[in-house]
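Paired with subunit B in one complex and with subunit C in the other, subunit A is shared by the two complexes that follow.
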Partner chain A sequence: MSDNTNTPQPSGAVQTTGHAWDSDLQEYNNPLPRWWLWCFYGTVVFSILYWFIYPSWPVGNTWIKGFGTVEYTAVDKATGQEQGKEFRWNTRALLLEELGNAANDQQRKAMLAKVQAADYEQIAKDPKMMEFVRSVGKGLFGDNCAACHGRGGQGVVGMYPNLTDDDWLWGSSSDKIHETLVQGRKGFMPAFGQVLKPEQLDDVAEYVLTLSDEAPSSEDSERGKAIFQGQVGGCYYCHGADAKGIPSQGAANLTDKIWAIANVPAQKTLQDKKAVIKEFVAKGVNNTRVMPAWKDRLSPTDIKLLAVYVHQLGGAQ
Partner chain B sequence: MSEETIQLYQKRIQIHPRSVKGTFRNLKTGILALALTIYFLLPWLRWERPNAPDQAVLYDLPGRHFYIFGLTIQVQDIFWLAGVLIIFAISLFFVTGLAGRVWCGYFCFQTLWTDLFMMIEHWVQGERPARIRLDRKPWSHRDKLIKKGMTYSLWLLVAFWTGLTFTMYWVDAPTLVVEVFTGQASYAAYFTTFFLTVTTFVMAGLAREQVCIYMCPYARFQSAMFDHDTLIISYDTKKGEGSKGRAKQRRGFRTPEERQSKGVGECIDCGHCVQVCPMGIDIRNGLQYQCISCALCIDSCEHDLINYTSENALNGGKTRLLRPKTIGYGVILTAATATLAWSVLTRSPYTGTVEQIRQPLYTQLSDGGIRNAYEIKLNNKLTAPMTVGIRIEGLPGATLDMSGMERLELAPQERIKLLARVQIPPAQHHAASGDKITFIIEALDGVSIEPIRREAPFYIPENS
Partner chain C sequence: MRHEQIETNSALMLVLILLVISVGGLVEIVPLFYINETIEKVDGVRPYTPLEIRGRDIYVREGCYLCHSQQIRPFRDEWLRYGHYSLAAESQYDHPFQWGSKRTGPDLARLGGKYSNHWHVQHLVAPRSVVPQSIMPNYPWLLDNDLDYTDVDGRMRALRVTGVPYSVTQAEYDANVQKYGQAIADQLDITKAQDSLLKQAREKDFDGFPGRITEMEALVAYLQVLGTMVDFTQYNEGYFVEFR
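Our next item is the complex of A and B:
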């Protein structure tokens, strides 16, 4: 602590505060202007007013809630309608107010109305609407679809279809995608394990591989072709005589390079490739590939947005 | 020293600066008139721009554009602001190192508006002695009430118009004025105007030199840039004080010969230099941190005892203008200005970036081809529409598919994100492996400029 100094000061020297540390260490007195002090008192008064005007201190088991209220519009979860709401002032309510009134939000609403009114062809041709759909659709897709189809729509071979390629089991037009979203899809293929003998399954698998040039044509594949196209297997019934699939049945195109269920590209040898196809033909598909219906979970607008979004993911026709 | 005399807070001593005539006063008045004319009239200047506001200088924050005459600054060009700030800072260092607190004395808005307010005060209340007399009178005095009331009213008017003018730089000026007076302006506009009105009134009318002494950080750190060759305003002590100090002109001290024989200096202690000082200091006490280098004391001294000089010159040496500090600041200032000018002059009227979409990294197509997708961002910086074409090169056999948006018209100042898909047939996989693809974004009509070339990777899985 300082002592008061008794050391005499030369006249004309700068005034000190009169405090001395270690007997000779002194402090110059540079007086603050008086208005500065009043400004300080002013801030004290201001802070006390602030405590009452804005939410601040805890008091017992509640707190000072402030005087202000914020009005904002929010979508009611139950009805889906926009409603005016009022809440006591806090920064979250302010944020909601701003979100509702911001220029960006007005633009978003106008754009949404435009997309709602347009048909799929008009949307696809309009760069602005497509930009909007990509931006909004990304969020919708992430919330609802990405769990199975992956963040970018790439799917999982054998389980969930890849939405980014140009091969579509149920049709690739926007209307078809819309239909898929609304009512869902259920993939079905009968199990041939009991119907066909293991050698016959081998032959069919061999034939299927020749369809997409994975294997050369051989005696085996010719036998397989007879089963595929004949009454024994009857595969052509769903996959078509040209094996290009029938979208209304959800039957896959077997002639292209895309394997939705049997993971052929991952296999190194012909034997392995045959094995995965064989296994799959034997077991069939039943209740393993189901796309849920979204008509009761998403609004028509969301479904429309998602239809456009998914359509542009694959750039399908 | 007794305890009682120690004051931790001091009462303000009111300053009543005397008006003065002279070279520096004229210079200051000239700068004041020029600066205020520009400030008050600039927002009213119109500038024809198709599809954009027609205000010559407009800082449109909600629209995220700064319009400065022929220049439209967009958000991504905001780094120019950093350039401007760097130039301002270096200019301050340069000028201060060379000629002291030139900014404070001639250009600072605190100085300018205080000067303007003092002129009003002088016009209403009269010269310094009259103002002192008026201040001493009680408030019950009718003359004081009228004159002070009139001064404050005029100040308030100027302050209000200053605040309103400031607001005009951020919104359309004619619309704003109408809206403000019809009660339709936005809360932000009213608040800005109100805030600037209050601060102008308080700072220029009431606080004045207190701002420079107690509030302004620049005032304090400029002293750190001074050296022995920096021009300062200084009293010639040798000439003014002689060997026996200054003396008033009284009997026996009138002619120069009489004074010389008695050993007193040329300073007749008339006090004019102290009376004209807006900071209330006595320059004869030497360089002080309060001095804003306004040079009015130079004008006030009839005996030419106060001058712009340097410490070196005072000690009989010569003032060196070219020295490492000034040369260094000069070089940096020139370089910064040149860089900014180059950046502004070579700006592109549009921008385009290409980013590969990495989820999924590639897509296997039914014919065995590989597709990569890209997001292209385009921005038309012009206030006119522009047609932009996008094509690719660098990958053999690659085709670009943008669903017909390979060529599109951008609205004025439009920003847009597009999806681009590039695919290569299976036969080209090996040839294209590890290659990059170049997107060429070009303005197709109207403007002739170098197309933008953007490189992006093209990913091909190894087993394909």
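Our next item is the complex of A and C:
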């Protein structure tokens, strides 16, 4: 415990708290430094100014809204007109101001308007517009499409189509890609596991492999051809008599060496290649390969930009 | 009062400390219970259906909120990446809300409709099979576990206590029909909770197993409704500014 000391400090020296431990250990009682005090008073004044400018205290069932204002422009959806407006300071008004005024946004907006007005050919011919499409498209693609189609658009075999190859289910033109994005797509092929007998599945798989020169034609494949082209299988109905696919059905081209679903290239032997095709044809596709519709999520300009972006990824040129 | 007097009297100091820190709570929290002006008046926001509630409970149980927020803030970069900023009205039936600020993964407030059900199932079972760089954990048991929905009406009753308009009486049901239409009102009826859960699960088959109702079914149903209730094309941007 400490003892109280009454030993007065010499005047002019720093005062002590007035008690001593172990007889002589005392504690100074320094006043707060001036500069510190003034900073403190400064923050008090600042907070009062702040209350005047920004929304602050709740009062009754509303709150003090502050005198600060933000000017922003927003599109009136009924008339399509841009309207300038001044409103009390808040983060939402600030966002609209930023979206409309920031220097890079002005540039971006002008460029977006240009892309929106141009047709696909004009965009493709204009290197500046293409550069813009590539840089903005990359971000849009990363945020919205990469989770399925992969960062670079390479897809996942069997699940999500590769957008960088030459094989298109629904058509390769920018218009068709645009349509794909706006309305979404749903891959559908009936399951043939119950319709065809195992031998028939064998034969038709053999035939499918001859279409892309994976297998030489044989007796088996001739029987498969009859199934494919006839009423039993009816495959020609969607894939076409030439098996090149019918884009309006989203049916795959079976004559090229690019496989979207049946992972043929990964198989070494003919037997294994046949097996993956058999397995796929038996199961078909229903509800598993769904491309979402983007018309409600992305703006028309964003969709157009993405259509150009996907088109230039490589496969569609 | 001189500060020596406060510093040397610990009981007094305690009382004064409590007084000072309670100002923060009184000013920041209490008004939220009676200032309703900040809740935007928008159409479309409805309570979750029984299946979606079970999905939400699983979301909370699995701790998805530890890595995912559900609140898009009114900033330019978030606007460009995620879409429209979240409204207060959109989480009015969320108890507890899932706002958060921890974003190890992306914000999920506008997730509904972005991906297919099939993608969600695949991604939750094995995230790296679709997003190779992902650090999200696998949740394979969601597909193995059958959904326990026997207590869903009890869960709805609990939410009802907090003010979510699930109906018990005919009058409440009629009010919901008025407000949300018959189809939704049926799903908000506690007395029919299990039936409507089964109906939604069978019709939509979120998990891709028509014969089963798994925990995945409920979780995907919940994920697919996030941020889809308000039709933003109906409102001018300036409209939401006025609620702040």
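Keep in mind that, in the parts below, the second predicted complex is superposed on the first by the 208 of 317 C-alpha atoms of A that agree within 3 Å, B and C clash if a C-alpha of one lies under 4 Å from a C-alpha of the other, contacts with A are read in each partner's own complex, and residues count from 1 in each chain.
As a convention for this text, a contact is a pair of C-beta atoms (placed from the backbone, for glycine too) under 8 Å apart; a residue touches a chain by one contact, two chains touch by 3 or more.
Model, not experiment: these values are computed from the prediction.
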item: Partner chain in contact with A:99 - subunit B first, subunit C second, else both or neither; value: second
item: Partner chain in contact with A:58 - subunit B first, subunit C second, else both or neither; value: second
item: First (subunit B), second (subunit C), both or neither touched by A:87; value: second
item: Touching partner for A:148 - first (subunit B), second (subunit C), both, neither; value: second
item: First, second, both or neither for A:290, with subunit B first and subunit C second; value: second
item: Which of subunit B and subunit C A:36 touches, first, second, both or neither; value: first
item: Footprint overlap on subunit A, comparing subunit B with subunit C; value: 150
item: In the complex with subunit A, residue positions of subunit C that touch it; value: 27, 30-31, 34-37, 73-76, 79-83, 85, 110, 113-119, 122-123, 129-132, 205, 208, 233-238, 240-242, 244
item: Parts of subunit B lying in touch with subunit A, wherever the complex brings them together; value: 1, 3, 5-12, 62, 207, 210, 214, 357-360, 363-368, 371, 373, 401, 403-405, 408, 416-419, 421, 463
item: Subunit A to subunit B touching residues, read off their complex; value: 4, 9, 15-18, 29, 31-37, 103, 124-125, 127-128, 130-131, 134-135, 150-154, 162, 164-167, 253, 256-258, 265, 312, 314-315
item: Of subunit A, residues touching subunit C in the complex; value: 55, 57-58, 61-63, 72, 74-78, 83, 85, 87, 90-96, 98-99, 102, 105, 139, 143-144, 146-148, 150, 156, 159-160, 287-293, 296-297
